[in-house]
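Each structure below appears as structure tokens.
What follows is a pair of complexes built around subunit A, which joins subunit B in one and subunit C in the other.
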Partner chain A sequence: MQVYLPIAEMSVDAFLLMGIGFGVGWLSGLFGVGGGFLLTPLLILVGIPSPVAVASGANQTLGASVSGLIAQWRRGNVDARMGTVLLAGGFVGSVAGVQLFALLRRVGQVDLAVSLFYVVVLGTVGGLMVVESVKAILRRRTATRRKLHEHFWAHGLPLKMRFRKSRLYISVIPPFLIGAGIGLLSAVMGVGGGFMLVPAMIYLLGMPTSVVIGTSLFQVVFVAANVTLLAAVQLGTVDVLLTLLLLAGGVAGAQFGAQMGTRLRGEETRALLGLLVLGVALSLLWGLLRPPENLFSTGPAL
Partner chain B sequence: MAETAAEKAATAKRDRVFLVVVDDSPEREVALKYACLRARNGGGRVALLRVVEPVPMIEWAGVGVLMAEERREEAEKLLSGLGAQVQEITGGMPILLIREGEPRDELLALLEEDPRISILVLASAAAGSGGPGPLITALTGRHGSRLRVPLTIVPGGLDDKELERVT
Partner chain C sequence: MLAGLLFLLPALPLRALAQELPLVAALSRTDIEVTTGFTGASLVVFGSTEQPIGPGGDEVIVVARGPTRPIVVRRKVSVAGVIWVNGPSARFSGVPGYYVVSGTRPAWQILPEEERLRNALGLDALPLASTGARSPNFRAALLDLERKSGLWLEDSEPVEIAGSRLFHVRLPLPASVPTGDYRVEVLLVRSRRIVARQELEFRVDRVGMADRVATVAQNQPLVYGVVCILFAALAGWLGSVLFRRG
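Moving on, here comes the complex of A and B:
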């Protein structure tokens, strides 16, 4: 059943889109991830223009993260103060990201830029994940105990603030910068960025692990909402019909995935996720490297 | 020398163990106090069970390990704090138990595995909270047949004086 997507300006099989939504929802429920990093490349692969794919990815992440945030908030696992600082950075970063995106579109390099971002970021993240979980599978390694108060140059920065829930007294500059970086990635790639935010919060900021997931969801939800809104208003790249079809599949998929996910735990799952991330990066890399079918295209002379 | 019935009963009493589930509800205080007073007045020991939530699926293995460690440490800290309270009342150190998983399943599994436990003490939630609490609801309802020891339900609203009287 072909449907015409008004913003993407193309017709696509509606069942294919619902299938993609279902698959991505299933995986995001299974692995407990946002799913934006899977959806955006998949949409690009079926021929949706990159700007529309990125906006849809941000939207998908938003949808997948809201219920998680509500659950974490109820259990008091959100450091709202830290979240607000991260979010302030996130807004700045995502606004800058959308401007960058608009600029790239003007010079006609947006497809290349999105693919490059994906190849670099997902390649790195996926590689690290696989290495880490393979190490963990091979030998049940003894985790090196983290020193609780490791002082380094970041602790000398001004504008210190007390974060009671995180039991921290640190400058707002590092979390602001981290938030801005994730916001930028979110705007350019259509991902939530939780997979980079969580380790950054633990290893760079020294937050306790109990509040990390809730606080990262707090940032992800509002930044993804901001990206979607900006993409709709400034770039005009949010396709209502596309979003609707993806969501219809995604909601069903997430339920199945979450049910299966409770039984699937541990290192093997993590290795699988790493391989999946790496696979996405490689397929985009292949898309960049392979010679195009038509080396030269002809068009009317201007 | 033959043991008299009274002596036998006294030893048995000293051997009994009151199990209290340490959750984050306000009524756990009442259950703990009740178990301590019973142990003090009639002999026996107190066991504290803390069920730690399992770590959810995290992208990074290192983060998951750290998270599990922090949760365990927190549980240990909580239990040793409560353990000191128990020691103050009963004079003996309680048995500290930490398990990971779903509270109800872990509680039932523990009762099945650990023959030392004689009585399970739970306190019901205060009036107006729409039920006595999830564990009591489960153990008196659908999962009641899996219970291996007697269950004592302490009304969560009892104050110290009333607790003294009923123990």
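Moving on, here comes the complex of A and C:
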């Protein structure tokens, strides 16, 4: 069934979009991440213009994360204070990111920038995840105990604040900067950033795992909302029909994935997710390295 | 008898009119509606001539032009022999979003070259002013890409002749057809000269939900952004409620 997307100004198969939504939702339910990092490249692959794919991907991420946030909030797994600090950074970062995106669009380097961001960020995160989880799987045999809480340079910074839920007393500067970084990536890549935020919260801030997912969802939902709003106002690239079609498949897929995810062990899940992330990075890298079929491309003059 | 008379009466002024005009043409539809289910459309340009058309007689050329917009053509260059990056670009102003030319025979066969260029009949005759990169490759690439998208066509199907005085040609409008006002020119060519022309118009418009979405997004982007956020949040919440036990 062909559907005309009013903002992308093109006709796409609705079932293809719902299928993509379902597949990405299934994987995101399985691994407990938003799945934006898979969605945006897939949309670009089926021919959606990158600016529309990025903005609508951010909008979809918002929808996909809302139900998770509600569930986590009910269980009291959201550190709202930490979330607010991250969010303050996230707003600054996403505003900067949308400006950067507008600039890239004017000079005609959006596709390159989106691909490069994906290759660098996904390559790094995916590589780290695989290495870390393989180590963890090996460690399970030798069973050495890891220190719960480490003190390092970040603890010497000013503007300290007590985060009761996270059982932390740290400066607001590191979480603010992390939030800003994720916000920037969110605006350029159309991702929520959960897959980067979760490790950053665990390893850089030392937050307990129980509140990490809920707090990251808190940040993802509001940053994605901000990116959606800015993209709609400044770039005019949010396609609400595209978002809703993706969500229609996505929310169903996420529930099935989540059920399956409970049967997988943590380390194996992380290793698989790491491989998936690495795979996406490598395929995008190949797209940059391969000699293009057509050297020329056209776009609207802005 | 009576029926024959009734048939003759209104036919009289029409016959007189047809004899005054060497060319009469019309469009099968003047409004193309782009709905959410739009997958492309087509319309037919048809008409009749006073003199016989076809081999040895008159010729008909039909040219359709869509709304214009500025386009940038970029060329990829290899940076340090490793990655491919958009490099030099040329900016073309006033590029028609749709251009189809068709004739009973190709325009270059039936018109002198300067006449054909003056009337911009043929992709190579399109007046495309550009700034930026100078190479003619950019213009060639623009023609190539627009042709691939199905929005620019040159003699893809000829103007068909029926009964030596009637002609018709189909104009295909793919799903990516831009919205706006379209102009169709029908030219009558006799002994390598344009002896008559008629201009017709049609519109491509978004209607229904596609139109409302695009209009709100353009005129009230802030409202649209908020609505997108609320819709996405609602859809996500609703989905989780529906599929919780699934």
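Operating definition for what follows: the second predicted complex is superposed on the first by the 274 of 302 C-alpha atoms of A that agree within 3 Å, B and C clash if a C-alpha of one lies under 4 Å from a C-alpha of the other, contacts with A are read in each partner's own complex, and residues count from 1 in each chain.
Here, contacts are C-beta pairs under 8 Å (C-beta built on N, C-alpha and C of every residue); 3 or more make two chains touch, one makes a residue touch a chain.
Since this is a predicted model, take the numbers as computed values, not measurements.
Asks: Just from the overlay, do subunit B and subunit C fit on subunit A, or is there a clash?
Replies: In the arrangement built by aligning on subunit A, the partners subunit C and subunit B fit side by side.
Asks: Give me the angle at the C-alpha centre of subunit A between the C-alpha centres of subunit B and subunit C, rounded to the nearest 10 degrees.
Replies: 140
Asks: Compare subunit B and subunit C by how many residues of subunit A each one touches, and report the one with more.
Replies: C
Asks: Identify the partner contact of A:Glu132: answer first if only subunit B is touched, second if only subunit C is, both if each is, neither if none is.
Replies: first
Asks: Who does A:Met82 touch here: subunit B (first), subunit C (second), both, or neither?
Replies: Touch partners of A:Met82: none, neither subunit B nor subunit C.
Asks: Quick one: is A:Phe195 in contact with subunit B, with subunit C, with both, or with neither? Answer first, second, both or neither.
Replies: In the superposed model, A:Phe195 contacts subunit B only, not subunit C.
Asks: Tell me the contact category for A:Leu244 with respect to subunit B and subunit C: first, second, both or neither.
Replies: In the superposed model, A:Leu244 contacts subunit C only, not subunit B.
Asks: Classify the contacts of A:Leu205 with the two partner chains as first (subunit B alone), second (subunit C alone), both, or neither.
Replies: A:Leu205: touches no partner chain.
Asks: Could you look at A:Ile178 and tell me whether it touches subunit B, subunit C, both or neither (first, second, both, neither)?
Replies: neither
Asks: Please work out how little space separates the C-alpha atoms of subunit B and subunit C at their nearest point after superposition, in whole Å.
Replies: Minimum over all C-alpha pairs of subunit B and subunit C: 17 Å.
Asks: Okay, in this complex, where on subunit C does subunit A touch?
Replies: Residue positions touching the partner: 34-40, 69-76, 78, 82-86, 89, 91-93, 137-138, 141-142, 144-146, 175-176, 178, 206, 209-211, 213-214, 217-218, 221-222, 224-229, 231-233, 235-244, 246.
Asks: For the complex, which residues does subunit A have touching subunit B?
Replies: Where subunit A meets subunit B, its residues are 31-33, 129, 132-133, 135-136, 143, 146, 194-195, 198-199, 202, 208-210, 212-213, 261, 264-265, 267, 269-270, 273.
Asks: For the complex, give me every residue of subunit B touching subunit A.
Replies: Touch residues, subunit B against subunit A: 54, 56-67, 69-71, 74.
Asks: Which residues of subunit A touch subunit C once you look at their complex with the stated criterion?
Replies: Where subunit A meets subunit C, its residues are 2-4, 6-7, 9-11, 59-60, 62-68, 70-71, 108-109, 111-112, 221, 225, 228-234, 236, 238, 240-241, 243-244, 247-248, 250-252, 254-256, 288-292, 294-301.
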